[in-house]
Every structure is written in C-alpha cells, then in structure tokens.
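Labels for the chains are A, B, C, D, E and F, by order of writing; each one numbers its residues from 1.
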Amino acid sequence: MRPSGRTASQIRPVTFTRQFTCHAEGSVLVEFGNTKVICTASVEEGVPRFMKGKGEGWITAEYSMLPRATHTRSGREAARGKQGGRTLEIQRLIARSLRAAVDLKLLGENTITVDCDVIQADGGTRTASISGACVALVDAINHMRGKGILKTNPLKHMIAAVSVGVVNGEPVADLEYTEDSIAETDMNVVMTETGQFIEVQGTAEGEPFSMEEMMTMLELAKQGLYEVFTQQQLALNASTAK
Amino acid sequence: MRPSGRTASQIRPVTFTRQFTCHAEGSVLVEFGNTKVICTASVEEGVPRFMKGKGEGWITAEYSMLPRATHTRSGREAARGKQGGRTLEIQRLIARSLRAAVDLKLLGENTITVDCDVIQADGGTRTASISGACVALVDAINHMRGKGILKTNPLKHMIAAVSVGVVNGEPVADLEYTEDSIAETDMNVVMTETGQFIEVQGTAEGEPFSMEEMMTMLELAKQGLYEVFTQQQLALNASTAK
Amino acid sequence: MRPSGRTASQIRPVTFTRQFTCHAEGSVLVEFGNTKVICTASVEEGVPRFMKGKGEGWITAEYSMLPRATHTRSGREAARGKQGGRTLEIQRLIARSLRAAVDLKLLGENTITVDCDVIQADGGTRTASISGACVALVDAINHMRGKGILKTNPLKHMIAAVSVGVVNGEPVADLEYTEDSIAETDMNVVMTETGQFIEVQGTAEGEPFSMEEMMTMLELAKQGLYEVFTQQQLALNASTAK
Amino acid sequence: MRPSGRTASQIRPVTFTRQFTCHAEGSVLVEFGNTKVICTASVEEGVPRFMKGKGEGWITAEYSMLPRATHTRSGREAARGKQGGRTLEIQRLIARSLRAAVDLKLLGENTITVDCDVIQADGGTRTASISGACVALVDAINHMRGKGILKTNPLKHMIAAVSVGVVNGEPVADLEYTEDSIAETDMNVVMTETGQFIEVQGTAEGEPFSMEEMMTMLELAKQGLYEVFTQQQLALNASTAK
Amino acid sequence: MRPSGRTASQIRPVTFTRQFTCHAEGSVLVEFGNTKVICTASVEEGVPRFMKGKGEGWITAEYSMLPRATHTRSGREAARGKQGGRTLEIQRLIARSLRAAVDLKLLGENTITVDCDVIQADGGTRTASISGACVALVDAINHMRGKGILKTNPLKHMIAAVSVGVVNGEPVADLEYTEDSIAETDMNVVMTETGQFIEVQGTAEGEPFSMEEMMTMLELAKQGLYEVFTQQQLALNASTAK
Amino acid sequence: MRPSGRTASQIRPVTFTRQFTCHAEGSVLVEFGNTKVICTASVEEGVPRFMKGKGEGWITAEYSMLPRATHTRSGREAARGKQGGRTLEIQRLIARSLRAAVDLKLLGENTITVDCDVIQADGGTRTASISGACVALVDAINHMRGKGILKTNPLKHMIAAVSVGVVNGEPVADLEYTEDSIAETDMNVVMTETGQFIEVQGTAEGEPFSMEEMMTMLELAKQGLYEVFTQQQLALNASTAK
C-alpha cells in the first residue's frame, strides 16, 4: 500500500498551467501532485560560440529549487557562489532531453533557454521539469512561428518524463518524497510520445536491481507517461499562448 | 495621466496569499499589480556565529529574481557564481527592515530566514518583497508561538514598503516598470503601521530633487502604505496559517 | 554633548589634498577628521559594452577599506574572493552620485573610474569618499580638457555628501565612529552645490524616526555641506593639478 | 565493421596495474585500450560532517582529466576556478557505484577517497575509472585490515563498468572515441560481479532508442563485464599491495 | 648613466614614517623614492589551525596595490574575485622573510598579520614592502611587550630588502620602474642586518646571467641595504610608537 | 651521510620517457628518483590577447599535483575552486624558464602550453618539471617544424633545473622529501646548457645563509645539472617523437 493510496502504476494528478507568468515566450506551471515547477522558455537570437556558423539552433536549460521548496531550507546556490553537482546534472539532463525533441537545423541560429524553478518539491522534480519544459518549449516555438521567425515546425515529437523505482521490494511509478527517500532503486525515464527512450537513468540506492525489475519499471514508466502526454495535449489544445 | 489610468497617489491592487507553498513556516505570495513575489519565512534553531551568546535572535533575508521574471532573460546568479550588487543591496534592505519590526531579544536564540523570490517583475519588487515578507514573518512567529518556542510575541509593529518617484515632473506612488524606467527620482519608503520611518532611500536618476518634491513623495508613500497595511491585516485575519 | 565637543551641526575639519599620488589623472586625499580616503580618478578611452554606440561617456567607482583602516583588522576582500554587500552598496552609491554631477553626453565615449580607498576610518567613509571623489573627478576632467579630449566642460555642478543621524535622541551632523555605532538613525545625504538632493538614504538602526527628525537631519546636512563645498572650492583654486 | 576490427561484443584489452604510485593505500593504473586512468584510494580517519555519529563510514570520489589527455587541450578546471558539470556528474557516479560495493556500517567511521585521474582518453573514461577504482578500493580495504583498522571485510561484491552504445545502427560494447563521437545512443552500465545492476545510464544522442536496442545493449554490457571482472581478479591475485 | 643620475650602487632616498595610520599596532609608510607603501602590523590572539598546540606564534602577510598605484589602472583583485599569481608570490615572500626575523617560539600563540598596500609604485614595491614591514613588525612587538603579552623580545635581527639588476649590461641597485621594465636580469635580495641572506630571487628577463654578474649584484645589494638598515634604525629611535 | 647514501653532489637517477601519452605534440615522463611528473606540450595557433600583433609567440605553463602524489592526500584545487599560491608560483617559474629557452620571435604567432602534472612527489617537483618540460617543448617544436609551421629552430639552448640546499649544515644537491623537510636552506637553480643562470631562488627556511654557502650550492647545482643535460640529450637522440 502506497502512502497516497495509489496503485503501483498510478501517477499523481498532473496539470499544466500555461501563460503562468507574463514575460516569457513560454511559461508553464507544471504540477505532479505537490511537486510544482515554473518552466519558462526564453527565445534569443543567435547561438553560443561553439555552435556558431553551423546554421543550427541551440536549446539549453537551467534548474533551481527555491531555498524553501523542501522540508528544511537549503542554502541558495547564488549565495554559495556555485551550482551544486545535483543541479548541474539535472539541468544537463533537461537540456539534452529537450534537444532530442527538436530538429535543431529547423530552429535556425536561435537559442531557446528553458528555466525550471521548483517552487515546491515532493519528489520527481526533474521529471516534472522535463514534462513541463516541453510544453513551454512548444509555446516558445509557436511564438516564433507566429512572428515568422520559423517557417517550419522544428518539433519532432513531444517528450515527457516520469520517475519509477523499487520501494519496499515493489516497483512503483511516480514516487513522492516519502517513497523516494526509502527507495531501493530510483529510475528516471524520458520518452517520446511514440514510446521510444530518450534517457534512462537507473540507480541502485540500496540493493542492486535485476533485469526483471528493470523491465517492470520501464513498463510502469510507459504507462504513467501515457497519462502525462495526454495532459500535455489537453493543455496545449485548451488555449492559445502569447 | 499614468499608463494605468491611476491617480498620482493610487497604488496598484495589492494582495497577500498565505500558505502559498506548503513546507515553510510562513509562505506568502504578494502581488502589487503584475509584480509577484513568493516570500517564505524559515525558522531555524540557533543564531549565526557573530550573534552567539547574546541571548538574542536573528532575522536575515535573501532576494532573487527568476531569470525570466523580466522582459528579457537575465543570467542566473547561481550560474554566474555570485550575487550582483543590486541583489545584495536589496536583501540587506529587506533584512534590516524586518529586524526593525521585531524585538530580537524576545525571539530567543532562533533565526528566521526570509526568502523573497520574484516570479514576475513590473516595478517595485523590493517594496513588494518587504510588504510580503512581513506577513510571512508573522506566520512564522505564530508557528513558533503555537509550538511553544516563543512565550511572548516579539513583533513590535507591522512594516510595509512602497516606491514613490517623480515621473515627468509629477510625484506618483507605486511606480510600475514603464514609469520606473523613465523616472527622474526613485524613492523607496519603509514605514511602520504607526507612520514612522524605517528606511527612506531616494535617488535622483536624472535631475536632482528638491525638498518640496521629497515632502510630496513621502506624503504619497504614507497614503499608499495605508492601503498596504489594510490588506496585510485582512490577509492575516482571513485564515490561520500552518 | 558630543564626544568631540562639537555642536550638533558642526562637522569635523575637512581637507582635500590634491595630487596626492602621481599617476592618476585626479588624485585626492580627503579627510573628515580622522577619516582618510584616497580618491583617484582614472581616464580611459571607450565605454563598457552596455554603453557602446550611444555617444555617451561613463563614470564608475570602486570602494575599499585597507584591512586595518578600522579598530580591528577585517579580512581582505581580494583574499576572500569577493566584495561584500556593504562594499558593493557603497560603490554603487558613489558612482550614481558622480554620474549625477556630469553630463555624460558631453563626456564623449570615455570612461572615468574613481577608486576610493579608505586608509583610516572613523565614521562617514562613504560620504567622505563622495566628497573627495568629486574633486578628483574635476581634476580628471580638467586633464581631459587640457589634452583636448573634451571641448566643453561636462560638469553640471559640484556634489558632496555628509552623514547625519540621531544619537541619544538628538540629531547631529557628521557622525564619528563612536557616535555612529550607537546612533538610532543613520542618514547619508548627497547634495548638489545648489542645494538639491542627489541621494537620501536614511536607516532606523534602532527606533523608527519621525518626519520631524527627518526634516531636522536634512537641515543639518545642508548646513554641514556648505562647509564641504567651500573646502572643495578652496582646494580646487589653490593649485593646478597635473 | 568497427574501426579496431573488434566484434560488436568485444571489449578492448583491459589491464590493471596495482601499486602504480607509492603513497596511496590503493593505487591502480587501469587501461581499456588507449584509455588510461590512475585510480588512487586514500584512507582517512573520520567522516564528513553529515555522516557523523552514525557509526558508518563514507566513500567519495573525484574525477579529472589531465588537460592534454584528449586530442585538443582543454582548460584546467583548477585554473578556471570550478569543476564542470560533466566532471561533477562523473565523480558522483563513481562514488555512488563504489558505495554500492561496500557495507558502510562495516567500514567504521573512516573515509575512503578515490581519485580517478585520466592521463589518456580514448572513450569510456568513466567506466574505466569505476572498474579501476574498485581494485584500488580493495587494496585500501586490505591495507586497513592489515593495520587492524577493520575486523571484517566490508566489501559486498566487486563492481565494474563498461560503456555500450548504438553506432551506425548497431549495438556495440566498449566504444572508443571515434565510435563514441558518432554514436546514436550511449549507455554506461555498472554491474556487480553477480550480474545485478548498480547503475544504468542510457542517452539518445541522436535518435531515440527502442526497448529492443536497450535489451541488446544490456546483454553486451553483461558479456563485456565478464572479461573485466576476470582481469580485476587476476590483478588482485597476482601480488600483494602495500 | 641612470635616468635619475644615480651611481650604480646608489639607492633612492629611503624614509620610514611610523604611526602613519592610527588603529594598527604598527603602521609605517615606507618610501623608496616614488615607491610608497603603507605597512600595518595587526596583532591577534591565537594562531591559524595548522599551528595550534605547538606553543608557537605565526606571522603572515598580505600585499596589494591600489588600482591606480601604477601608470595605467589595473583591475581591483577584489572585484575580479581572486588574487593574482604575482600578488600571492609577493605576499608569500614578505611573510617568509618576516618569519625569518622572529623567534616564533618567543611570540607565544599570537598572530601578527602585516598588510602591505602600495599606494604609489615606481619599481621595487616588494622590497620596499619587506623593509617597511619589518619596522611595523617591531612596533607591533613593542606594543605587545608594553601590554605585557610578551616577556622577551622575539626579534632575532632586523631584515630589509632591495632589488638589484642588470640594465643595459650594467649591474645597478634599487631599480626604478623605467629601469625595471628594460632590465636583462632582476634580482630581489632579503638580508639580515648582520649581512646573511634570507632570500635571493634572481630572474633572467632577457639574457641569462653569469656567476660574475650574480656576485656583483649581491655586492650592490649588500651596499644598498646598509643604507636601508640605517634609516630603519633612525626611524625606530626617533619616537615611540603607540 | 644522506638518507639515500648519495654523496653531497650526487643527484638521483634521472630519466626522460618521451611519447608517454599519445595526444600531445610533446609528452614526457620525467623521473628524478621517486619524483615523477608528466610534462605535455600543446601547440595552438594564435597568442593570448596581450601578445597580439607583435608577430611573436608565447609559451605558458601549468602545474598541478595529483591529490595523492604526496604522503597524505591534499585537496584537489579544482574542487576548492582556486589554485593555491604555491601552484601559481611554480607555474610562473616554469613558464618564465621555458620562455628563456626560446626566441619567441622565431616561434611566430603560436602558443605552446606545457602542463606539468606530478603523479608522484618526493621532493624537487618544480625542478623536475622544468627539466622534463624542456624535452617536451623540444618535441613540440620538432612537431611544428615537421609540419612546416616553423622554418627555423626557435630553441636558443636547452634548460634544466635542480634543487640544492643546506641540510644539517651541509650543502647537498637534489634533495629528496626527507631532506627537503628539514633543510635550513632550499634553493632552486635553473641553468642553460652553457652554464648561465636563468633563475636562482634561495630561501632560508631556518637560519640565514652566508655568501660562502651560496657559492657552494651554486657549484653543486652546476655539477648536478651536467648529468641532467646529458640525460635530456640521450632521450632526445634515442627516438623520434610524433
């Protein structure tokens, strides 16, 4: 029995609120239960130095948690003077995943920066970030198309992510904090809407995991992501962003 | 005529949403029109080294803007590896103002850290932060009293802040961004609910200002703050925080 | 009775020693009693990136205290790897004040950097810095005019600054350290020689201050600054700098 | 056909040279073909602050590449003033993997720090690091047992790692640089000698990968790791370390 | 013929002004011609962590140049966020030299920090710093003896330093900037008043130097330092410091 | 009697292994007894900003020790976020010495960066680095000549370095760690193969040293370096590098 009463494959209620803030080309509040992340997509002309002259665009991401997004306050990275290893690891994952959703050649020499700022954390902040970031990215792309900056839609497919894990010996989907903190295995899965993998990152926190457990977790991820993709589509159909 | 149609002394609609996030002892979303700041107050036992052994408490503050809280994205301070001068200046102002609202001796050897994170900016983010931070502070104090950590209420008086300035030669209250960016003078005023000054910071951005203009601005601040103090009280009466 | 025997409105002896060091275009040792600051103004062709192409000049400032300018040694900021919030706040104030003294359009695309290095501190280092910096700035401008870099004098008016405060319930001008450390209110006032305000920064360190106290402090500042402007002029008349 | 003429499942020649340097409790040069990493394990009494008082030990890792370990010189992280995201990600992975090999309770309040310094890189530096680090760790543990610091062997099982990927549409094991740089999918697999997973990190660099490709890659990893575990054992049997 | 008309062995006028600033236990303005350095010695109880429990004292030093001590302004190290290699090298040299002048055992568990801040540079700032620092150190020691902190004088001998070099093929003493910038060889010599060496640092800037040139330079240093030791003694006899 | 049984003038066995790693234009493992340093020379087109437009080349160096090159592990500089004073001092010395070996005008606008990474330390790491770096530099220059980048050999003469010192009152050459840690005087001598000095850095760690001791140390250095120059030549004759 899970703390929330959910079944093993059941994910938390997922919502995407578009146009959450007013300045960004894409701005989405994503919620996976009590986990809440503001994802904004900012469009800038030009690309970083290492991409110049290729005629391609670039997508990058930054991730942060408000100091009191968590149970106890953690020090602000700006005050400590550097981003921690966990932060860098997560934002590299988000950016890689988003780039896998887009044909960078069709983006032209433009950069989209997606900021994922966690305002409330209850497990699965990185997977919520990826899922919300993709919706913000679509809004930013639509903004560019509306402005005539892009002639063709560079989006190859929607992507979304969910965490799965083994808790008390049982594989479950979309772990909340109380589950995450005692999980034997923790796995983050990023998929395309067509059911292919973008990223699979599984870690044995306690006991090693078997091939069989891995298969079950991947299956749970696939089921859970079906619901996430549905909510993304509902949000994108609902209204027209800026 | 002001861009919003407001009169010179009229401030924007002000709202305080308590319990905005779930973990912090005090958590308030403050809105001055389109300016929106999440203020959380975190209670920790003990005080910083320089305060040890005095039997007093400490209140500190940190301020930040999400990268895309503004019209164009600004670099994340955590990524640049340091907080800018403006950030440090603002968070020192917030912390000083909050400490002036509390009898630190009655706080015991406890620290309250108030984080002000601007999620959407339209002028007056530092004054909105101070006004919201005071409500979060009251919730944190009430939490401590509920837990029996504090026997006596250390709050001396509510404080709040508003910006005033001279725009196109006319003194006005609560400047929004389009006014702020062309103001000849910009002044931030922090007051107690009893009408005394905590901080007055006036800056001639273009032309120097006269004693007379200063008097008018201070008067406008006083009027505007009356409304802010009323909204603070309404919010605090409305419900009981965590 | 003040520790120095001064009356409430009496400022300490103020002197400006020009050409204090030999390399800078402007170099002034300013003394407010025992507070001593070396102010140098350095002229460089070109402007920072964010000012390029506007046909205007730029004035910036940096402030520092020698580690043992104070009663006990404070750590060197270069060794700690960053400038503290107080330093950044002060140098932003100095730079803003100086820019308000000059028509940047008449300065052409040149940058003047004013360094204020406190070699001995006894209260009021930021206001002494501003007062001395303005004299160094004039020398740098004169140097540029002598070299034919400037055709017109970009100086709009002299500026100077003084601290005022409430000590033991009584408003006084130009606080020395022993007064500053127990003041209820501390206020820094930057004015033009024509009696207009550039900056007013008042802070209640202990009790909030009233409108009446504020008026008295501003009046004391005005009186004290009359003497500072006189000494600036005497120094500038006395000799011709480099 | 692979550039080296290897079959899809064939890994490069793997060697472990123990006692490679003389000061560390464990010191191993690991080679996977042209990839060469010095792994040293250093034993220190005590544990980091966050582990104190639990009666458990700690294992941590640091990773670095000599600036010219690669085809073109990359800037030294110490000179740039921070470790990059890739470095932090890798050393977190190494440390997590090593901790999964050891019963920290049996380690007592001691810390083992494993440094992995790549002196020559040709793909797979992180997996070579993990494989070599485990041998250095065993030598450090044996050193502690010889000194009587440990009564019981805290090692639960050997671990080792190998990279697998999809290159030109074909899954292959132990990618060298020329393969790595064009791979569609890149996956790092850390396993126990008993065939369970510690970490699986798969990334679609170009096209997403299917469940079937994933299965094939995991199978190749398992085969390749059989050889690595054999070489680890041969090295550990060969001689007695310090 | 030297630019100043000096003979090869002639050093510039050297003066030591004690009690130059009022707070430090030792405060000396040292001048070697146009090179001017403020040297302050600060006494603190206790020693750094690595010296604890040895019953010995510690002497350390910090060195800095005001940004406009030189012909063109150099960036402030505090603003750049780190001390440069030249600064660190010089302050390590100053500290080592001063420690060689004192019996650290007799200093007790106290630390003396000497700050050398160059306010005007014309060559030889590091050797002037060492020479002035030793006088400030003596004043600090005398202060400690006056306070009864020290029973015995820990000073073993005075030390002083001078630069020598080869300019246009001719060995000369105490190079000023115009000589220093074209010197083939630059050598800094720190000696005791009894004519023994503390440090010798010779560098071929252009052509390598011969044993014979080295001998001549060391002889010039010895002659020049005779004058510096005399001026140190005159200053120390002249008055009693704080 | 020295710990190793060596005579006062006898240096440890010195070897240079060229092509130690495969990517760099010059790659040398230098060994002075148990001190082992990897020296790589990397060629890059262009020069740093401050050298641009002079038609000259540049040579720079970086130095580092693997954390466990020493008896106890020292913190990694990249992790601490800055290079220490000792590191900066050493790499400045290496770079200056190498530049003295080359006619920068004949190098054209190219930069050679030499990295010296100590993998095992037993005293004299900086002098071993210089000696090995010069061999790597020659290989890099030969590589450039082979590629037709250089028409003329810019090498003026080989350089090498050795440490000398006074241990237990007796001058000795090439101190190993156990000698170095108790030496009264420590001196590093960089010479050309023609017997001229590039750098002489002598430091009294305990007692000051006399002119006579200095002469003896320089003589020992000269003798020891004869052997080092011989080994450099043997290595360079033995095979042809990449």
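Note that a contact is a pair of C-beta atoms (placed from the backbone, for glycine too) under 8 Å apart; a residue touches a chain by one contact, two chains touch by 3 or more.
As the structure is a computational prediction, the values presented were derived from the model and not from experiment.
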Fewest hops from subunit C to subunit D - one hop per pair of touching chains: 3
Third chains touching both subunit F and subunit A: D
Third chains touching both subunit F and subunit C: E
Label of the chain whose CA centroid is most distant from the centroid of subunit B: F
Classification of the subunit A:subunit B interface as same or different, half of numbers criterion: same
Separation of mean Cα positions, subunit F and subunit E [Å, integer]: 28
For subunit D paired with subunit E, centre-to-centre distance based on mean C-alpha positions, whole Å: 50
Subunit D and subunit F: spacing of chain centres that average the CA atoms, whole Å: 32
Interface hub residues of subunit F, defined as touching at least two other chains: 81-82
Direction subunit D, origin subunit A - full chain order round the ring: A, D, F, E, C, B
Sites on subunit D touched by subunit F in the complex: 21-24, 27, 34, 36, 38, 40, 42, 44, 62, 64, 66-73, 76-79, 81-83, 87, 113, 115, 117, 119-121
Interface residues, subunit B side, partner subunit C - complex: 82, 84-86, 88-89, 91-92, 96, 100, 187, 191-192, 194, 196-204, 207-211, 214, 218
